[in-house]
Amino acid sequence: MKLYEHMGKELFARCGIPVPRGKLVETVDQAGEAAAELGEVVIKSQVLTGKRGKAGGIAFVSNPGEAKKEAARIFDLKFDGLTTEKLLVEEKIQIEQELYLALTIDGAARRPLVLASLDGGMDVEEVAEERMIRWPVDNTIGLQDYMVREICRRMGVTGSLQKEFVKFMPKLYRMFREMDAELAEINPLALTPDGLIAADAKVTIDDDALYRHPQLPRITEKTALELKAEELDLAYVELGGDIAVMANGAGITMATLDMVQHYGGDPANFLDFGGGADIDKTTQALELLLATAPKVLLINIFGGITRCDVVAEAFVRVKENKGIELPVSFRLVGTNESEGRAVLEKEGIKTFNSMDEAVRHAVGLTA
Amino acid sequence: MSVYINQDTRVLVQGITGRQGSFHTAQMLAYGTKIVGGVSPGKRGQVVEGVPVFDSTFEALESHPADASILFMPAPFAKDGALEALEAGLKIIVLIPESIPLHDAMDIMAYARQKNAVVVGPNTFGLVSSGSSKIGIMPGRYFVPGPVGVVSRSGTLCYEIVGNLTNDGIGTTTVVGLGGDRVVGLHFVDVLKKFEEDPATETVVLVGEIGGSAEEEAAAYISSSMIKPVIAYLAGRSAPPGKRMGHAGAIIERGRGTFESKVEALSEAGVKVADLPTAVSPLVKNALDKT
Amino acid sequence: MKLYEHMGKELFARCGIPVPRGKLVETVDQAGEAAAELGEVVIKSQVLTGKRGKAGGIAFVSNPGEAKKEAARIFDLKFDGLTTEKLLVEEKIQIEQELYLALTIDGAARRPLVLASLDGGMDVEEVAEERMIRWPVDNTIGLQDYMVREICRRMGVTGSLQKEFVKFMPKLYRMFREMDAELAEINPLALTPDGLIAADAKVTIDDDALYRHPQLPRITEKTALELKAEELDLAYVELGGDIAVMANGAGITMATLDMVQHYGGDPANFLDFGGGADIDKTTQALELLLATAPKVLLINIFGGITRCDVVAEAFVRVKENKGIELPVSFRLVGTNESEGRAVLEKEGIKTFNSMDEAVRHAVGLTA
Amino acid sequence: MSVYINQDTRVLVQGITGRQGSFHTAQMLAYGTKIVGGVSPGKRGQVVEGVPVFDSTFEALESHPADASILFMPAPFAKDGALEALEAGLKIIVLIPESIPLHDAMDIMAYARQKNAVVVGPNTFGLVSSGSSKIGIMPGRYFVPGPVGVVSRSGTLCYEIVGNLTNDGIGTTTVVGLGGDRVVGLHFVDVLKKFEEDPATETVVLVGEIGGSAEEEAAAYISSSMIKPVIAYLAGRSAPPGKRMGHAGAIIERGRGTFESKVEALSEAGVKVADLPTAVSPLVKNALDKT
C-alpha cells in the first residue's frame, strides 16, 4: 500500500527524521492561509505518482496570493488520470545539495537494502551505477553505525555530513522495519544548513502486514471492480479485451493470457482466484467475471490444492442461480478431476483436457 | 539419487489439525512420504491420518526424530512456526502459506542461514522427489520418476508443464517450487546447482515469470557452470508493466525483470525458451534424445 | 546496580507488565494514609536484601491503624545492617498460586536465560532441578511465542495460563534487553483471578551499561571509601585486616590476598587499580590506601599493559607530597621494569622480583 | 604447530590511532606479529608504526587481506567495531576493552557464532603463539616457545604464572586469555580441546578463579576427553562470598562457582591444583618430566 507523501512524512517525524514544517490543505483558500503562516512555501500535489514534479504538481511561491493561484492550477491538473484531493504546503527549505536515500527489500539477498547516492533529485534513475551505493543489511543485527560509515565512505562522504548520516539512517531503518515497509524512499534528501531533511517521502507498506498496523489509513489505487475483487480476496486486474479469463495461480493465469494473445485473442482481465478456494469464493469469482459482460468466458483449471469438483459445482450453482448465457471454454484437470467432470457433464458442459485446446477454442469463439 | 529429499526423509507437519494440514497429510502419506509426526499447539494426543500430534516441534522430536517440516499455519503465525522448526534443528522447512509479511520472511531466512537449513517458499507448492516423497501440496499423480529436474516460481503453471511431460511419457527426478513471494528461501541458482550435481537428472526445466532478477541470475549461472541442457518457459509476456516501487525498484532492477530481458539472458546462456507452456515438453524430448 | 523493588516495578509497569497498585511512602503517617486509600494492603520494606520476608520486612494489614503500627515496626528493623528508608504500600492481591519467573544472563550459553517454575515463593532456591525450567534465548531472534509455549509445556502449563504467559514473558524479555538488565526476577509471580501479576521485582542493571540509561537513579550499596574508589574507577573492597594490598588485575589481586592468608597475614582490602592506569590514577589509588592507615603496604605489580615506571613515579610522587611512613613491600616486574626500578632505587626503595618473597616480607613486617 | 594463530596470521588493529592502540601495535610488531593494517574512522592515510591506517575494516581488507583483528576502542564502541570486523569476514576477533555492556557482548557472540568466528575476550590480554605472534597486550618477553599450553581467565595472574615458568626454563606453545567478563567468546573447554589436539602441547595449565561454572565444565571435559596432564591454579580462596544475583544466581550455579566446588571438580578430573601461583611451575616440571 503506497502512502501519500504527507503520511510518509508523518511516519518519518514520529521516528525523529527531520521533515519540513508543513500543512495539509484541501482547498485553494486553505493553501493561501497556510502560505500566510509559513512564508515562502512549496505547494505539492498529494498524488500517488512518481512523475508529479515533471507534470507540474509542485510549485514554489512566495506569498498567499501566488499560493492560491498555484493551488488552483494544481487542483485542475491530471496525473496519469489521477486528480489532486489534497495539497501539502511546506516551508521552503534551503537546499545545498539533493541526495538520495532509500530502504527497500532485496529479494536476491533476502535482506533489507540501503540505496544511497549523492546525486538525488529528479533523474536519480539515470545515476551511474558506481554513484549509487547498495548495502544489504544483515537483519539479524540491524543497521549498525559501521554500516552507515561504510556506505558514506563508498559515497565519498566524510566529516560532519557522515555524522549526520550516522544519526539519520538508523532512524529510517527502524521505521522501515517497524512499519513493515517495502519501500521508504527519500528523494530528494535535502542537505540544508540545518543538516539533512527529508524533502519528500515515498513509503510503501507491505499489504500482507497491514493487519499489524491498524492505525494506518487504508489507501487504494484500484478501480471499483478491482476493489470488489479485493474484498473477495481475488487477484484481479482489468485489461480491456473481450475474453474473460479465470484460472488458479498467478503463473498459470499469466501464461493463459500469454497464450490467448499468442493465438490472436484479447483478454478482458487477469483473474487468479488462488489455490484451495472454496465453493463460495469460486462462485463469487465467477459472478464478478460475468458482471463485466465479456464475449467469451475461458476457465483454465489445473487442480492441485484447488479441487476440480468444487469449481464444477460453483459453476453449476452460478448457472442455475444467475444463468450463464455467453459461450464458455472450460479446461478442467487435476485433483478430483473425474468428480468435477461428472458434475459438469450432468449439465451438458464439455471440458477440455489441454490448456492449448481450451485457449484456441475460446479465441475461436470470439471470431 | 535425490535432491534435498528422498524416500527416507522424515517429515513433521506443523498445523496438522487444520483443514489443509490434515488433507495434505493424507495426500502426502498416500504418495509415500514418511510423515513421522504432527504439531498443533494444544492438540497433543490427537491422531491425524494415523499420525501422532504433539504440542511443539521440540516435543515431537523427543520421540519422533525428523529431518524436514512442512507448515500449514495461517500467515500471521508462520514466522513463529518456522523459527520453532529451525531452532528445533530441522534442516528443510517447507512454507506453504501465502501472504506471509515480507519482514517476517526476511527474519525466517536470516535464521535459516544461521542454522544452515533450507527453506522452500513461502507461497510454494513444496518439493517432490518423484515417486519417493513429496513435501507439499502438488497433485501426486503427475510426479512420476524420470530424468528431468524441474524448478518453478509458480505452482499451477508448473503442474501444467509437468503434467504435459508426464502425458508425453517423460518423468521427473525432483520438482521444486521456489514460491511466488518477493523473499523466498531457495532461488533458481540453488536448485540448478543441485540438478547439475545430481546424476539422475539429465535435463532441467526452469519455469519463471516476469519481475525480480532470479531468471537473469540463473542465466549467469547456467552460462558459467552448467553442462546439462536447460529448457525454460516464462510467464508474463503479455502482462502490462507493473506498478513501480518508487525509483528504488528501477534502480535495483536496472532493466532486468522484464520479459524481454529474461528471455534474452536465458537465450544467451544457451537455454531454449519455449513460446508456450505446451512447447516445453517437445523441447525436453529433443534434449533427452540428444543426451 | 540493584534496583529497589518499587523501581523495578516502575520499569515493569512501563513495559505493560501488571503490578499491584501501590504507594511509596517515607513515614508511618504516610503508610496509614496509603492504607486508608488502598484498603487491605501489604507493607514492604524497600531494602536491597533477598531475605526481607523472612526477616519480618513484609506485613499484611487490613486497616490504617495496623498499617501505621507495622510501618513503625519495619522502620525499626535492621536487615544485614541495612535500615528501611521507604516502604511500598500495595493493595493486597488475591494469590491463587505463587510462581517464579526470571530473566538473567547465562554466561555458559552467552545468552539471555529464562528461568521459570510453578513453585515460586520463599524457598525457590530449593526447588527440584526438573521443576525449574531453563531456556537460553537465542538473542538473534529474541523471545518468540513458541519459546514461551515450550517453556510452559515443560512446566506443565496449558490452556489459559499458557496464553497469559505468552502475553507476559515477551514484555519481561523486552524490558530485560532494553534496560541492559543482568537480572529481572519476579518471585513470587502471582497467579490471581485477574491473571499474572508481578508481586515482587528484583532488577539489576549492568553497571557497564548505565551510561545508556541516564534516566535511572543511581543506587549504591557501597561504603564511603568504596564510593570514593568507585569515583576513581578503582575496584576496591574493604576486608578488615592490616596489610593493605594493591595490585593490577582482579585475578592477581585475589591471588595476592590468597597468598597473604596462606602465609598467615590478614589483608586489609582488595584493590585492583586495573590495567594501564596513568600516573594520576595510580597516585590516587595509593593515597586512598594510605588513608585507611594500614600497618603494612604490599604492592604487587606484574606489568603488562601497566607500566612499571608509571607505578614507580606515582609512588615517589606520593612519598614526596604526603610522605609514606609505614613499611612497604614492593614487588615490581614487567613492562618498563628496569626504568621503574631505577626510579625507586634513586629513592632508596628496594623491590622484589617474586610475588612470593614480597608477600612473605609483608607478612613478616606485621609480626 | 599452533593454536588459533601462528606467524602467518595477518592482523588488523582497530582503534590503532589511540594511545593504547598505537603503543601495542609497536609492541606486537616488535614481537613479530604480522600487522597488515590499522582502522580508525576518519584517519585514513595516517601511518602508525609503519602500518597504514584505513577508515573501515572493509576498506583495509580491499588492499590488505587479514585473518584476525584486535580491538582497542572504548567500550561503548566495541560492539560496533566487533560486528564490523565480523561482517567484513575476519575469523579471529580479540576484544581488549573492559566494561563492555553484557548485552553488547551477547550480541557480539551471537553474530560471531553466525559467522563461524572466534572471539577472544572481552576484557582479555589476548592470545599469543609463543615466539611467533601475539595478538594482545601481554608483555612479550615472558612468552617463549616451549611445550606448555596455558589458558587463563585473568590477565596479570597469567603473566605471573607464565613468568614463573619462563624463569624456570619452561616455555609455552600458546597462551590464551579468556577474559574476565561474565560473557566471553572462548571458554576453557574450547581451548582445552585445541591443546589436546595440538601435537606441540605436552602439558596444559589452567588458571581459573571463583564465580561462574567454566572451571566445572572444564573439569567435565578433562575427565571425559583429555589425555594430556592439566595443572590448575584458582584465585579467590580467601575472597568473601560475592553479592548474590537474586535467587537466579543461586539457581543457575547450583552450588558451583565456589572455590571449593571448583577445586573438587578439577581434582576429581585428575587435575593437580596448585596451592599458590608459585607452585604451578614445579608441578608443570613434574608433569613434563613424566611424559
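Note that the chains take the letters A, B, C and D in the order they are written out, and that residue 1 is the start of every chain.
By our rule, a residue touches a chain if its C-beta (ideal position, glycine included) is under 8 Å from a C-beta of that chain, and two chains touch if they have at least 3 such contacts.
Just so you know, these numbers come straight off a predicted model, no measurement behind them.
Novice: Comparing A-B against B-C, which pair counts more contacting C-beta pairs?
Specialist: By number of C-beta pairs in contact, A-B is the larger.
Novice: Looking at C-alpha means, what's the farthest chain from subunit B?
Specialist: Following the centroid criterion, the farthest chain would be C.
Novice: Centroid of subunit A to centroid of subunit D, CA atoms only: how many Å?
Specialist: The mean C-alpha positions of subunit A and subunit D differ by 54 Å.
Novice: Which whole number of Å gives the spacing of the CA centres of subunit A and subunit B?
Specialist: Taking the average C-alpha coordinate of subunit A and of subunit B, the gap between them is 26 Å.
Novice: Roughly how far is subunit B from subunit D, going centre to centre by Cα mean, in whole Å?
Specialist: The mean C-alpha positions of subunit B and subunit D differ by 46 Å.
Novice: Residue numbers in subunit A touching 2 or more other chains?
Specialist: 138, 140-141
Novice: Identify all positions of subunit B at which a residue touches two or more other chains, and write them in rising order.
Specialist: 107, 110-111, 114
Novice: Under the touch definition given earlier, write down the residues of subunit A that touch subunit D in their complex.
Specialist: Those residues of subunit A that touch subunit D are 138, 140-141, 144-147, 149-150, 153, 158-159.
Novice: Which positions of subunit A touch subunit B when the two form their complex?
Specialist: 50, 100, 102, 104-108, 110-113, 115, 124-125, 127, 129, 132, 134, 138-140, 177, 180, 182-183, 185, 187, 202, 204, 206, 208-209, 211-212, 221, 237, 239, 247-252, 254-255, 257-262, 267, 270, 274-276, 302-306, 333-335, 354-356
Novice: Can you check the complex and tell me which residues of subunit D touch subunit C?
Specialist: Residues 20, 24, 75-76, 98-107, 109-111, 114, 125, 137-139, 152-160, 163, 180, 182-185, 187, 207, 209-210, 212-214, 217, 233, 235-240, 243-252, 254, 275-278.
Novice: Please output the residues of subunit B touching subunit C within their complex, sorted ascending.
Specialist: Residues 41-42, 55-59, 80-81, 83-84, 87, 107, 110-111, 114 of subunit B touch subunit C in their complex.
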